[in-house]
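For reference, the structure discussed in these notes is given below.
To keep things simple, chains are lettered A, B, C and D as they appear, and every chain counts its residues starting from 1.
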Amino acid sequence: MTEIEKLKDDIRSFAEERDWDQFHSPKNLSMALAVEASEIMEIFQWLTEEQSRNLSDDKLLELSDELADVAIYLIRLADKLGIDLLSAAEAKIARNKEKYPADKVRGSAKKYTEYQ
Amino acid sequence: MTEIEKLKDDIRSFAEERDWDQFHSPKNLSMALAVEASEIMEIFQWLTEEQSRNLSDDKLLELSDELADVAIYLIRLADKLGIDLLSAAEAKIARNKEKYPADKVRGSAKKYTEYQ
Amino acid sequence: MTEIEKLKDDIRSFAEERDWDQFHSPKNLSMALAVEASEIMEIFQWLTEEQSRNLSDDKLLELSDELADVAIYLIRLADKLGIDLLSAAEAKIARNKEKYPADKVRGSAKKYTEYQ
Amino acid sequence: MTEIEKLKDDIRSFAEERDWDQFHSPKNLSMALAVEASEIMEIFQWLTEEQSRNLSDDKLLELSDELADVAIYLIRLADKLGIDLLSAAEAKIARNKEKYPADKVRGSAKKYTEYQ
């Protein structure tokens, strides 16, 4: 069993033991995921990019907790949708490699913006 | 090497080969993560919870792609911050188990809402 | 002077008197706006649609405060970008009326979803 | 009738004529609002703060459209919740003035961050 599968099982048990499964519709989980992602952003909103690269240990600890929340809801949502998160991410990276050949887009902010 | 570490290395190489590392400040990555999480939500915004549990194969394929984007930016952000995503998620689940004893919060929407 | 213009001036003075203008780049304001919008969503994430239509006075008071935050950052961002928010909204509504003729899209969830 | 009230009525008629009111639960509208706020942010995510202050006319036109979307959903959500957006914003600004006296917080990034 891979590490992500283990986390998936842990989160599933956690919800089932508390009978909280009823709240975990994909719609609701998508909201929770966006809310948690936004809480990460809240930490960075008034910092410069440079400051965001040089955080205090306190901020890093706080961020570790927020990133965990995003990971948990992401794994939970994938589980509810029957999506294999690992395969999906690998497939996406492979497609991005084809779509943006390194020798054509290197260092180009423009290409990067379009790529998004 | 775990599967998440492998993804982390792949994403790192992808950015380095394109000289796109310069755009990946934690601040910018937090924005990208929130934008991608929001794109998942966009798919669910006008659906009922029931509909969100019964999606067509087309929608699931689209979602697989969007979830991959969130996973990629989450792993990338964790990498840039030096956070071990797997340990952070495991620690968070452990804390949640202590904080919300199953026999005390079972089936309670109120507890659940407070728990958030 | 219209009411939105008055709010715009009040917010501008508020920031200038505190020398907080330096933090209000459009980039940062767009983050703050998204963070505040997400805080509204947080209130609704585990509620059913029906529950979201029947809130307690406490929740409505909390929401009033959160909606105010979104309004303030929206007006501030429009000010920084030199965008006339009122005209922009009127123009958008007019375009939507043309694009979605009532007699063709009435009651159609599908059209509605596409319309988004 | 104030300008916001006029917009509110226009948006209400628009939805009623299309029988789209059924989709506009506060829960759903909170999602739409967050999605639109995120689309603004998407435009800024890879730009520096400096670049975000110096946008092309094309980008400004695009932003005008996105800001209008946020305004429309914000006014619609306030309407559905029976919240007077103008009063709410005025009250919030008044409270912020008291909470952050200009002579005590001037120029302080720290105070500003705490203020959020």
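Here, a contact is a pair of C-beta atoms (placed from the backbone, for glycine too) under 8 Å apart; a residue touches a chain by one contact, two chains touch by 3 or more.
Keep in mind that what you see is a predicted model, and the values were worked out from it rather than measured.
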Could you work out which pair in C-D, A-B or B-D copies the interface of A-C, where over half of the contact pairs coincide by residue number?
B-D
Over half shared or under half: which fits the residue numbers at the contact of copies subunit A and subunit B, same or different?
same
Measuring centre to centre with CA averages, how many angstrom lie between subunit A and subunit D?
26
Can you give the whole-Å distance between the Cα centres of subunit A and subunit B?
2
Counting only residues that touch at least two other chains, what does the list for subunit D look like?
23, 28, 31-32, 34, 38, 41-42, 44-46, 48-49, 109, 112, 116
Classify the inter-chain contact topology: is it line, ring, star, complete, or other?
complete
Within their complex, subunit C touches subunit B through residues 31, 34, 38, 42, 45-46, 48-49, 109, 112-113, 116
Which of the residues in subunit D come into contact with subunit B in the complex?
23, 28, 31-32, 34-35, 38-39, 41-42, 44-46
Subunit C to subunit D touching residues, read off their complex
2-4, 7, 10-11, 14, 17-20, 23, 25-28, 30-34, 36-38, 40-41, 43-44, 47-53, 55, 60, 63-65, 67-72, 74-75, 77-78, 80-83, 85-86, 88-93, 96-97, 100, 102, 105-107, 109, 112, 116
